[in-house]
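Got a structure for you, questions after.
Chain nomenclature is as follows: A, B, C and D, assigned in order of appearance, with residue numbering initiated at 1 for each chain independently.
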Amino acid sequence: MSRLAQIPIRIEGTTAKPAGQAACGGLGGGVAALLAELASLLERLASTQLPAAIDLHSLPMSALDRAELERVLGEGEVRATIQAQGRSMVRETRISGVWWVEHRSARGELTAELLEVAQVPAILASAPDEIAAAAGALRDHLEAGARAPGEIDER
Amino acid sequence: MSAEHDGLTVGEMLLKHGISRRGFIQYCTAVASAMALPPWMGPAMAEQLRASPRPSVIYLSFQECTGCLESLTRSFAPTIEDLIFNTISLDYNDTLMAAAGEAAESARTTAMMGSFGKYVLVVDGSIPTGAGGAYCAAGGRSAVETLREAAKGAAAIVCVGTCAAFGGIPFADPNPTSAWPVSAIVQDKPIINVSGCPPIPEVMTGTLLQFFGTGQVPDLDEHRRPKAFFGNTIHDRCYRRPFYDQGKFAKSFDDEGARNGWCLFELGCKGPTTYNACATVKWNGGVSFPIQSGHGCIGCSEPGFWDKGSFYSALSAPAWGKAGEVAPRQVLELVGGAAVVGAALGAASAGVSRVRQRQLEQHNDEKGG
Amino acid sequence: MDLLAFARGPALEAALVIFCVGVAWRIAGFALLRLRRDLNKPRTPIGKWITGGLMTVGSRSWPHPEFIPRTGAGEALGYSYHIGLFIVVGLFGPHIAFLGSLFGISWPGLPSGLITVISVLTLTLFLAVLFRRLTHPVLRMLSNFDDYFSWFVTALVLVTGLAATAHIGAPYQTLLAVHILSVDLLLVWFPCGKLMHAFYLVPSRAINGAHLARKGAIS
Amino acid sequence: MSDATSALVADLAPGQEKTAQARVAGAMRGFAQEIGALSAFRLESCIHCGICADACHFYIATEDPQYTPIWKVEPFKQAYKREASPFAPLYRLLGLKREVTADELVKWQHLLFDSCNMCGRCSLICPMGIDVAALIEQARHAMFDAGLAPKELYQKAAHQRATGQPEPSAEPYREQLLAIGKRFGVEIPLDKPEAAVMLCVPRTDIEHYPSAVAALARVMQHLGASCTFRSDALVAENYGYYAGGKSWQRDISMRLIEQALALKAKTLLVPECGHAYTALRWEAADLYGKPLPFEVRHVTEFLADELVAGRLKLARAATGKTTFHDPCQLVRKGGVNDAPRALMHAMGIELDELKNHGGFSFCCGGGGGVLDIERAAPLRYRTMENKLREIDDTGAGTFLTSCSDCRRTFDDAKSHFSWDKTPHSLLELVASQLSGTGSAP
């Protein structure tokens, strides 16, 4: 009797794996579908500038699926850490416009994991209201004259 | 509570409490992910909320134990849940607010008038209707009256805790105060039940946030609970589930199975019939939940949980049954009595048959010789 | 009170009461009919009757070799679904909790997955048994309402039990309630029909065995 | 009443006429008498598994489901449920079970008499341990009370009850018996005032196998046993038992019992007749109302004991390949398992056993009165084919049995099928080997 791993798998209709290179067992069809969706979201982003996101939490993925996804997407040029309520990790993948975003709670648990399709993930940009507030704070600082810049954010 | 924030947007208030936009996006994204909302909803909710004036919440406590409020406020650190709920939006809560007496009551009426049709009414506790409502009254007004009045201007009602949602312990047999859940009193407003005794704080604030952020009542189950949190049973998500599937059960709280962390089904765990997020969100900042601490689920987020037999009787067992114990005396007496009655009926039936046989035979002897 | 609380509370209690009344009634109702002493001189001493009776309880569990060619397959089918039922009823954790809480004892069970497989097999055998009853000329002729209803009640318990463990069609508590209600129905029907053979099997074999042993005949 | 059933009713004997109501009432009376805790338990226990069909030679031969043994008591099962079962008061109150109809009773005559030898093979197969044959016997009692015993059995039973012999004969049996003694040169002990052993004979032997009667006398003479026949109770068979007339069966048995009592006999010796053995050994005391003060023994049992005691010595018999038919009433139902084989062993006979032998032997098909029911013959022949095949399959040249009814059934088959075997009496073989110089029969 064949074991599951011995059953050859061929993924059709994707660029993820050329036919005939199907040695990697245990893959569900999920990765292929995900990559296809990413491709269409990227095309949409290119033509309409509309960002999008895919929630990885809601997708059932085996460890193998995940490894395959990471292998295909790879590492891009940008890696950013956000230290706000919790720590977030934003990294561009080898596919420009596809960002791998992980949010962690203050306790360090993974609370959300997304693939964002955008020029820059919205969370990275500074917000107008915060910019305005910061400008005000900086101005106050200059007027007060004696405080260290490091204290600006201490409200 | 409300005066210091008048005129500010949510974003401004969050900043005042040291929560940046990015921090809020992180939080909203996590909530959206937990509630299985579309992934773009998290940042969208964050942006919308940050730009809107602070929402108004009126929190009414009726026949309750304050456990729900304790659950909400007993966080280890000032979390966003805590802030959004207690600080940013709460206009009236007779336990938390500093004001008392006339001042407190006027805060409530002010909030009600000020955001009529827009505020969210949070109710905690069941509403007693017996004795003309006298079992629970504040400022000379019964709970029923207060609820009806406050419900008029509410955009939605969030029932926090099993008492408000399903009647809870006051509603349990014999319900001496004729207590009812909110849904029995108010029929013309959207009601969202966040049940549990108490509910998980993340579930309460997550539900509120989703409502504020989208203006929509979330998807609800047949008990009007948000499916996002109440869509699965504890059993379905329990880390001890593999033991259930392997047929490995703790038979008592101090046996080998219990020490090995086996399934607590036979000790009365109600996980299989209880819908809640305890097994995933957990309690006390994700530290643990009852089953993880070695005790079966008691099913506190389900209607009538108090009246469903012993907490220690397995779900598949008779309601009176407890693991490793003989059926209680009254059941044995009932069953034994039934057997005695049955035997008596059988004896009577056999007696009748014997008499009929004798009659037939005599008849036979007379006729046939 | 919800359906589950009803099923495992008042409904179960009522079903147990009916079960006990019915079983006691049924047994007393024939056992207390007149019993004539057999005046014919026995061939063997009383000890032989007892051992003969006990031996027959075991030996009738399988046909004598002379009968196997004609009946072996049918009896194997009959026994196999009974064995399946015993395993599913007696060795599934939640069932142990049920029986254990009646008698105050407990015993180890089998993995749920295995139980599910056995239940499906048993259900298949049940269908085969029904098919045989509907198609075998002797069985079709002998069968009456009791046979079909007893089959239905037992199969219903199996099907609802499987549905409950597989979470098919409704929330678990509803399925569990329906399953327990089907058990309640089984308990109520039990004393009314052929399911009583569970009580009769051993004494009936023993009495015939003892009767034959008294004559010195094989059993 | 349907045409078929009226035809059956027309086939009854004078004295059996009854209205439909009277038949039903009679059946109920007959059945009510029989229902006790034991028979009720048997009826309660049936699970309709149909397995008993596979033990019954009538079903095996025909594959006709109506010959399923337990189905043969179906009307009485229904009557039991309505009249005497634990829930009977409820059934009557709520009208859940209808009364048995006269039509059904008439139809069941074929199943209870023509197609059942009461051989008890079904009682060995039932997984619930039900003694189906015992139920059939009870149902026959009810049929008799309904006036539905087959006319041959009814008439013979009536005649035997009145005169001591089932049919009138040109010469009374007593005279025939004495003539047999003269013809075979053996003294017939008759009407001695006292004897340890009381003898009787199958009327079948008197009429068809006089040599068997002589053999019995010769063996007893050889043993020097104190024994005698009694003119008032010569016949071993009991047609009351066949017909299902319980009180008639008692009357007929009482003839033998009274003579044995008068003799102060220690043993009532049952000759080679299976049903006589059942009637006297396992039923007579119940009808008598107290335990019998003498033993009832089959002749093979008696002789086997003499063998063990050393009083009986037998010469080797050169019978060649030999097989033996176990009479069902003797072996399966009667518990006489070893005696016939002990006798054959003593004569150096190593049996080539039938495929189904001992307690599992198939009935010859003639027992239970079936041989006497004329219309049952075609079915009986069909059923016998299997038995004859089993005998042929042994390849034995010599075929023995120890029941004269079985013997006659096989003899009848011999002429019907032009079968090449002849059934022989074990007793006759024993009688021929007494001197130690005998030869094959």
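Keep in mind that, in the parts below, a residue touches a chain if its C-beta (ideal position, glycine included) is under 8 Å from a C-beta of that chain, and two chains touch if they have at least 3 such contacts.
Computed from a prediction, not measured in an experiment: that's the story for all the values here.
When every chain is reduced to the mean of its CA atoms, the largest separation from chain D belongs to A. Counting C-beta pairs in contact across C-D and across B-D gives the higher total for C-D. Chain C has the C-alpha centroid lying closest to the overall centroid of all protein C-alpha atoms shown.
Each chain gets a centre from the mean of its Cα atoms; for chain A and chain C, those two points are 61 Å apart. The centroid of the Cα atoms in chain A and the matching centroid in chain D are 95 Å apart. Work out the mean CA point of chain C and of chain D, and you get 37 Å between them. Annotation: 78 Å between the Cα-based centres of chain B and chain D. Within chain A, no positions touching two or more other chains are listed.
Touching of two or more other chains is recorded for residues 35, 84-88 of chain D. Shown for chain C are the residues in touch with two or more other chains, namely 25-34. By the contact rule set out at the top, the touching chain pairs are A-B, B-C, B-D, C-D. Residue ranges of chain A in contact with chain B, taken from their complex: 51-55, 57-58, 82, 84-86, 88, 103, 105-107, 109, 111-114, 122-123, 127, 129-130, 133, 155.
Per the touch definition, chain D reaches chain B in the complex via residues 28-30, 32-33, 35, 83-89, 145, 247. Only residues 11-12, 15-16, 18-27, 29-30, 32-34, 36, 38-40, 42-43, 50, 77, 79-80, 285-286 of chain B touch chain A when the two sit together in their complex. On the chain B side of its complex with chain D, the touching residues are 346, 348-350, 352-353, 356-357, 360-361, 363-364, 368. Across the complex, chain B meets chain C through its residues 233, 235, 244-247, 249, 251, 263, 265-266, 272-273, 303-304, 307-309, 313-327, 331, 334-336, 338-347, 349-351, 353-354, 357.
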